[in-house]
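Each structure below appears as structure tokens.
Shared chain: subunit A. Partners: subunit B in the first complex, subunit C in the second.
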Partner chain A sequence: MTTATVTTDQPEPKAEKGPGRAGRAKKRLTGRTASLIALVIALLWTTPTFGLLLSSFRPEGEIKTNGWWNFFTDPAFTFDNYTQVLLSDTSSGRLGSYFFSSLVITIPAVLFPVAFASFAAYALSWIRFKGRDTLFVLIFALQVVPLQMALVPLLQMFQAWFGFEDEQKFIQIWFAHTCFALPFAVFLLHNFMSELPGDVIEAARVDGANHGTIFRKIVLPLVTPALASLTIFQFLWVWNDLLVALVFGNGKETAPMTVRLAELAGSRGEEWQRLTAGAFISIVVPLIVFLALQRYFVRGLLAGSVKG
Partner chain B sequence: MDQIDILDELPKFGQLGIGVVAFVLVVGFLLFLVDRLPGFDKGRFAAAVFLFPTVLLLAVGLLFPALRTVWLSFFDKDGESFVGVANYTWMFKDPDIRGVLGNTLIWVIAVPILSAGIGLIYAIMIDRLKVEALAKALVFLPMGISFVGAGIIWRFVYAYKPEGEDQIGLLNQIVVWLGGEPQQWLLNPPWNTFFLIVVMVWIQTGFATVVLSASIKAIPTEIVEAARLDGVNAWQMFWRVTVPSIRPAIVVVLVTMSIAALKLFDLVRTMTAGNFKTSVIANEMYTQAFRLLDKGHGAALAVFLFVLVTPIIFYQVRAMRARREER
Partner chain C sequence: MATVTYKAASRIYPGSDKPAVNKLDLEIADGEFLVLVGPSGCGKSTSLRMLAGLEDVDEGAILIDDRDVSNLPPKARDIAMVFQNYALYPHMTVYENMAFALKLRKTPKAEIDARVKEAAELLQLEDYLKRKPKALSGGQRQRVAMGRAIVRQPQVFLMDEPLSNLDAKLRVQTRSQIASLQKRLGVTTVYVTHDQVEAMTMGHRVAVMLDGLLQQVDTPRALYETPKNVFVAGFMGSPAMNIKTVPLTDTGAKFGDTLIPLTREQVAAAGEGGQKSVTVGVRPEHCTIADTGIAVEVELVEELGSDAYVYGFAELGNGNGAERFVVRAQGGEIPRLGEIVHIKPQVGKEHIFHAESGERIAV
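Let's turn to the complex of A and B:
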């Protein structure tokens, strides 16, 4: 895994001017006690995840009878849990199949809202038309609607449109995720697009470029960081989601990993060896994305985020 | 061991293919419209094309369903006969649901205070350490983990085995090492709610750390230096300089977390499924609407959630604007 650094939009503090008063004062503040407290917090925050990672490499018998810390006194190491989870086709395993469902759900559920929201945000920031501000406020205000408000009627609509009887389809999950993502996505991209320098766009207009060209050739390249941060948000949101998947994809064919893992976690512990490896696989994908692109994620966070 | 059959997975990827092709077609068609058709470049037409998918999806997928939920909250479990405000009186009279509302209140108070508090302390402690970036990343990491994943991670912390057996949960092992009796952490109210809250705090503290750390770095050095010259100690520095200087950021963090706590669903669903008196509004809404198939009760709970969230979000927007102006 990459060692990522958290960077922010804030200007970095000026370099310390030698061991001046402020420098010494700061040292006293971040003295030994402070470092110790920080260390304790860091340990508390990492140990649970580490325990799961270690457990996932322990044999079934060990996982079920003693704690992961026994690994240090009595090490036993195996990849069995991972091969079982990924490859076995028993009724209880087969997490590999759910992993694919997660992928199939996530890709369109990220593409659609990001594209539609960038269209909308462009129109709301750079095309002049009557009622623009009202429309923006309306879309913005929809962020307050918790998605719980939409679940029951939306499910009824899907049942009427797509039918639940025949094979299960992913389209209703994509549709739901796209709708729920749009208010925040439009808001975030509008924040960035509306702050672009107006003279660049005016100049392009004067040169006879139409809105399609300006959107593709000027605006999109300039807001790439914002697009990246929105993409990460939406990816994490969809990949990690349980509620939407439970309501709209609750069946063997369309359920993603989160649904299956939540089910396994609810069982009485017979499947714990699978649970460890399964959980770790489902965690690792977003974590890689997250760590690799953390910079953009943090920028999005600092730009202010509310998600319905 | 039977091997997984990759052929079984093909229909899924077929659907994915259709989805991606549909995406390319829709986006391509819209861009074609604004690009090629004469007249479509006029402001109004271009705006209409650009806004069409968003407005349509929001109307069909969010606005209309939300209004219908309000409507359904005045009807019975099948959504057929009008029952007035019966679903709402049920919500406030039924002792179980009152317990649920009480739990939600505890979440909304405890999660922001604990996460922001720990996040603030941590941000100050690691400020300008050599390993600051790494230290931040460690605490920020849980933000990328799903609630389901976090629930499983913490199951291995809270796991219980009867006294005398080897413990597999870290917390009980520590209790045993200290000479205590192992506990069923997630089974006994009211403390089980507290143990669930710990998990949420674990997830959210990274967010607080990152946002607060950014504003701590933005405090002008002159202010800190001037305070130093006045001879304040670390404690006074914290309360009189640091906290007032980053107050807007603290407000944003507290408010964002209280919204997250209000809407919390996954964690409770995964760890206790709302049993043992740990349910919260969002989980109860799911249980009522999709497990007990009572649309009226589910709708009323959803509307109540909306009523609770709305003022907080308006406040958040104001706080965010204030913070931006201060920069």
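Let's turn to the complex of A and C:
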């Protein structure tokens, strides 16, 4: 018989009556005390960010002499930090061009790994071929290789074979980010895809769909939560990356915001008050991405498909 | 409209010596409703999936309308399948679920619309076309799965235990709906179930399988009246036939003190290979409670209103001790628990099998 090992994301069983372990745990986690604790933790967690926000509006002298909480007793408000960060004409140019470089790096470096990992994960979960499981384990095992170990060989390879110059070095950065992201991305998406009910895939095959159609019309729509989380994860990683951009980039032409932020503090870190404003500017984009994608975190996408 | 032929088709799973389906030979006529039935693990679902193209045919061949489809992918076979757990596309509406296959075949939009509407009307799903599967009840989901098959207008319908997830009442209702729907559409249908009642009530012919082997294929009545072997005899009919192995004498089978008379040919056939005993099957409904006969101590009475099934133990003198025995009692003569009743099998309604091979011995 067809083994129907299927995880349907059914809506949660309504208010468990029995004193089962799950029931008790749920009660404990949704009770008033629990909510209060969660609220306190959330507040504590946000405090440093809030402090940073306040600091970014304080004058340099104040920032460097006392803590942000003094803002409440002795409010002093200025946009100096922001104007310096956004408009200062240093030798390395304005923040705007770095912002643009960041986008140029990040968008392909997110789309490529997500796309490739989806293909790979589909093949590894739904196409039968010899050595499939071994291949999956190998890809998975690549996660233990630290990124830093691959920097030099990868750079040598690019030098020897391609010799990219100037803006072409964006290609190197995209490639490096894609490589480093793939093992985890494949692993994550494979876990989601292989949990899809096999009967649904078979029904689509009987309905006349080939692998391409099944991938586009059935599998991708059903793993959107996984795609969204992977995209956010990878976006944050690339957006906040300094190392890969520095190693594979070409100085000013390809330097992203992170490079500029590091410079902003000055060569000896004497201007570190600017970092407060810089950090807030660089947070904006990831925040937009997160808010845009969080609506795809839907529970119960599979509900109603199969009776498990 | 099409015929389906299994020609010595086998499926051997990798890493297993024993075939899941062993040289299945089966011919299904155009427009026929054939039911594959058997206990779980008997290979009935595998046989169906081989026809669907979801399992390989390792040996032999499968023909649809004299066209060898053994190596064709599912999409090239023009079949539609209803899965045990519906397998609806959860992110599509009912309409999109039903239209999916037609869209893939680039059917004109107007025709898709017409066909989906027609199927929805047939299955009383018109009001639900815009809903997603999760907003439907079990019975409605099952009908959507049926609808998805119907709109395709395929050559063959394949159904893999489509009723097993419905509750008892809905199952009986849907059972007759599917049977009448099949009659109306006239599409060749292969239906898999483990429930012999479903098999008996729905199928034009029923194929009984065990351990990957086809045991018997015949009309429901023929299976009931002349089961080919002990397994088929015990599997078809509810409650199951009383099948007992008892001592063989020159004139019949000895049930304790009662003798079930056999013809000389039957005795000779049963004694083949030096057998001293014979297997006799008596259906519960072919027994009467009388003053004399096999003594049965009543252990349990299942009251059904119109009649009742009496479960008890009988000493049959075959060295096995007290054996279970089931009898149908008429409304008026229901015995009490612990009582000893006497049972007379109706003459000519018993089934005789060879004690060792289990094969039927004809009258």
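In this text, the second predicted complex is superposed on the first by the 204 of 308 C-alpha atoms of A that agree within 3 Å, B and C clash if a C-alpha of one lies under 4 Å from a C-alpha of the other, contacts with A are read in each partner's own complex, and residues count from 1 in each chain.
Keep this in mind: contacts are C-beta pairs under 8 Å (C-beta built on N, C-alpha and C of every residue); 3 or more make two chains touch, one makes a residue touch a chain.
Quick caveat, the model's predicted, so the values are computed rather than measured.
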item: Contacts of A:Phe116 with subunit B and subunit C, given as first, second, both or neither; value: first
item: First, second, both or neither for A:Asp199, with subunit B first and subunit C second; value: second
item: First (subunit B), second (subunit C), both or neither touched by A:Pro221; value: second
item: Which of subunit B and subunit C A:Thr213 touches, first, second, both or neither; value: both
item: Which of subunit B and subunit C A:Leu142 touches, first, second, both or neither; value: first
item: If touched residues of subunit A are counted for subunit B and for subunit C, the larger one; value: B
item: Overlapping contact positions on subunit A, where the subunit C interface meets the subunit B interface; value: 4, 6, 210, 213, 301-302, 304-306
item: Residues of subunit A that touch subunit C when the two form their complex; value: 1-2, 4, 6, 197, 199-200, 202-210, 213, 217-218, 221-222, 300-308
item: Touch list for subunit C against partner subunit A, complex; value: 40-41, 45, 49, 52-54, 73-75, 79-81, 83-91, 100-101, 104-105, 132-136, 138, 141, 148, 152, 160, 165
